[in-house]
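Below: a set of structures, written as structure tokens.
Two complexes, one shared chain (subunit A), two partners (subunit B, subunit C).
On to the complex of A and B.
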């Protein structure tokens, strides 16, 4: 009787969940499967006469593609440097603001502003107002400091530095806010105990603060790494991946291959590669998080 | 290492928190190896005094010396003190062993020696079987012992305890109280102990300071404070329940209350005509003749009866060992031995010797 009632209830529950489940499958799972399928096909709008099953050809081509490895390298540099900068600057700011006895709310509000801007807007205003030669604010400051005019977005290395600065500028406040909240929740008497136990400021930070905010720190790193790996809009608006391919991270390369070169088969394979890399990196970080806390 | 010292001197310590005057110029002398209690109700300044001694608060004015050296503005770490916090303040991410070993690690003790020294300290408070647990996996009593072990592991010059028993249940509190006293004897370190529980202070302290409203109102042995309260404030605070205070007239070596005359032993100091007479509830008895009183309530305390009565509208408590309740509204006669009476000057509020 009872199990039958349960089964009836289970069917009803499944019925209720079904609509949202179907929408989810149609909008997320199906496109993913289609992406995998197309990565094993030749789909090239420029050369439709070659279309057909390609097997592993796209992946073989990827392994031999210099542009692919170049974009992988850029993706690594971009992700590692932006995540490190966000965490270090965000934590530094949070530690400083924690020492302000009153008015912390002001910093919290100011910090939200960059986050709520659309990345494409951020990319555009950095391109036009900050980095533009002659009248960009950053360029003006650099010239004033005597480091000459720099062709920020027009030469390879400064362009890469620029897109890293843009991403860091927009997303450091996120790390700042999360870490500030985490710091504010730490028990004050533990710090008093540490002072009595003769731990100096650096030792208190290293032995008490860092281990205690570790969960928040790891979450910030995971979330920021996943976002940085799939960054697109700000770079696209600021440099479009250029000059040349100097800022073309894997995501932009996949986009260019699919929608500029119109080689959808190879573009899909590149997107699959990005997906696999993102999964591996975040999986590793999640593992590191659980491995040490339990 | 303990070098048989640890004399603490406070002079004119003053502390404000915003508009709140927490300490009003405290003077205090604590002798080496003494078990000294700071007793007072909450907000009286006892914890602030301990935090000033620890170096966690800087006084607005005044000086503090330890063994003659001025440490008023020294960092907590420079004072060679150890402290047990009310909430224990254990490092939540460290094991018991790491918690106890932390002060040693900060002192630069060789890493290989730390587990052994930590275990030694842990065994003194009987938690050496829990070395690999984290604070979250310990009971309140075990956390408290862990905090104690962390405090004694370095053999400090001063041992500071901030209401260490207040978070334990009643049974554990009694046991730990005895152990603290034993621990103090074996360590021979000056120990300063904050409590709002006068029974705790009376039973374990060598001497104590009674705090009221940011001032020290009396310093002395538990016997001094209990049997010779310096002033009305201490008399009204110490004892459970505290002593009865009755206005009286003084004439020819006798006190007159409610028309009844009570002969008193001679005093060395002159006694004014108006006095306040103090008598502990346990020193009052019910007699056939004496001061008339009206019974308000009889309370059964298990081992004794507490009779709440009124003498001319002033509440009086009487503790009786015989367990026989007295009906509300009954009129009884109270008598007591003149030798047990304390006299206070209502003007100066001080004891008349």
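On to the complex of A and C.
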């Protein structure tokens, strides 16, 4: 009797799950298998007569490719700096806003705007209205403050700084809103107890607040790291990966190799590399999440 | 009187607090504020140096963006069709699946849930390359059906997991009561569970629609002349017309208007959606 009911439940569950899983297998897993396959092929739309099985050639080429290692380095810089900036500024701002008795709504409203804008639009706004030489407002302010004209998007280091600023501007509100919500959900009595124990503000933050919001903090770090690793539209719109390859993170390098150089075989291998890196990083971060701090 | 120095210190701290917080507020609000200002200027006014704060506002850019030669309306309609279709399909698929994941016994459920989670982590560039080759072969490049299929890749896993967290929050008792009334499982899902997760479905709809509307990489590579969403139209505008910033600002603000409205109207729901996984923390993911 009971097992019959269970079987009924299992069948019903399978019926509900099947359509989604079939769609997922067809739309994501199948293309990924195709990606792996094409990473072992020569597929060059510019030179189709060379197409054919390439074995490990694309991967061997990758190991010897200076541009690949350069893009890996940029990916690391971009991901780590944007995640750290988002979390530090977002948490700092959330802690400050928590202490404001009135006007929190204003921050929530302002914070929602960057999040709902398309990254490509944000990239275009910053490229023109903010960073453009002379007429961009940031360039104007920097010159007015006496730091001379900076070719924001036209020279390598400022361009990298610029795309990091753009990403940080757009996504810090995400960290801010999530952390503000988790701070607001903390029970006030632990603070009372700590205050009676004469803990100062820093001690209270370090020993009480931080451990309590650690789960939320780790989730934010995981989500932001995943997004930063495959950031595309804002960089593409602001610099296109340039000047030269100064802002060409691995994601853009794989894209350009495929769709500009039309070398789909090598582009696939680069995309596989990004996929592997993404899975390793997320695995590490998830491990961090479950590991206990003592 | 004795408390005066204490009060002064507190006042000073308060002023510093508001100054810092106000500055950050300004930094985050300014780019959007400035885009609005520029969109109301004439093109010659935009290129005035130093930039003018006081000027005669004009709505010409908005008129041009709507009915001019570069009208954004066709792209607007395209985005609406793609995002709408993606949202409807995603919800129809994700809600039953999430119910099973959250509430029903199913062999291999954990593995299937993990699989769903991992598909969500696939970097888009790893999909746009094979999709270009596949859709090219099938003849689905620059078609609505091609775009919607591709958009399911990121909207479906996301929607399933968001809905799972809402499904987990509703109490079991009402379903059990329904079973006692001889309702079958499907009736219980339709009449008892669904009404309770309406809020969660609303949040999921908002996120799926928003992500589809703002998507760029797939759109620029797998779309084309027939299917050109607003994000691609904006990008092309700048590539062709380097200097028409006022028109760009106006067009971009119109393109983003649905998202801005959603942001204001559903601000509470969006924050809830963003935090649903984070605040619950522990979770079983």
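Observations, loosely collected:
Keep in mind that, in the parts below, the second predicted complex is superposed on the first by the 275 of 294 C-alpha atoms of A that agree within 3 Å, B and C clash if a C-alpha of one lies under 4 Å from a C-alpha of the other, contacts with A are read in each partner's own complex, and residues count from 1 in each chain.
Here is the rule we use: a contact is a pair of C-beta atoms (placed from the backbone, for glycine too) under 8 Å apart; a residue touches a chain by one contact, two chains touch by 3 or more.
The shown structure was predicted, so the numbers you read here are calculated from the model rather than taken from an experiment.
Once both complexes are superposed on subunit A, the partners subunit B and subunit C fit side by side without clashing.
The superposition places the C-alpha centres of subunit B and subunit C at an angle of 80 degrees about the C-alpha centre of subunit A, rounded in steps of 10. Contacts of A:198 after superposition on the shared chain: subunit B is touched, whereas subunit C is not. Applying the stated contact rule after C-alpha superposition, one finds that A:60 touches neither subunit B nor subunit C.
Of the two partner chains placed around the shared chain by superposition, subunit C is the only one that A:16 touches, whereas subunit B remains out of contact. Set against each other, subunit B and subunit C differ in how many residues of subunit A they touch, and the higher count belongs to C. Touch criterion met: A:219 reaches subunit C, while subunit B stays clear of it.
When both complexes are overlaid on chain A, the residue A:177 reaches subunit C alone and has no touch with subunit B.
Smallest inter-chain Cα distance, subunit B versus subunit C, after superposition on the shared chain: 7 Å.
Here subunit B touches subunit A in the complex through residues 54-56, 75-77, 81-83, 85, 87, 89-93, 102-103, 106-107, 150, 154, going by the rule given at the top. On the subunit A side of its complex with subunit B, the touching residues are 187, 189-190, 192-200, 203, 207-208, 211-212, 214. Here subunit C touches subunit A in the complex through residues 17-18, 20-21, 24-25, 27-32, 34-35, 38, 46-47, 49-51, 93-94, 96-97, 99-101, 104-107, 109, 112, 115-116, 118-119, 121-134, 149-150, 152-153, 156-157, 160, 185-186, 189, 210, 213-217, 221, 230-231, 234-235, 238, 245, 248-249, 252, 255-256, 259-260, 262-264, 267, 270-271, 274-275, 277-279, 281-282, going by the rule given at the top. Residues 6, 8-10, 12-14, 16-17, 19-21, 23-24, 27-29, 31-32, 34-35, 38, 43, 89, 93, 96-97, 99-100, 106-122, 124-130, 134-135, 137, 140, 144, 169, 172-174, 177-178, 181-182, 185, 215-216, 219-220, 226, 229-230, 232-233, 236-237, 251, 254-255, 258-259, 264, 267-268, 271-272, 274-275, 278-279, 282 of subunit A are the ones that touch subunit C when the two sit in their complex.
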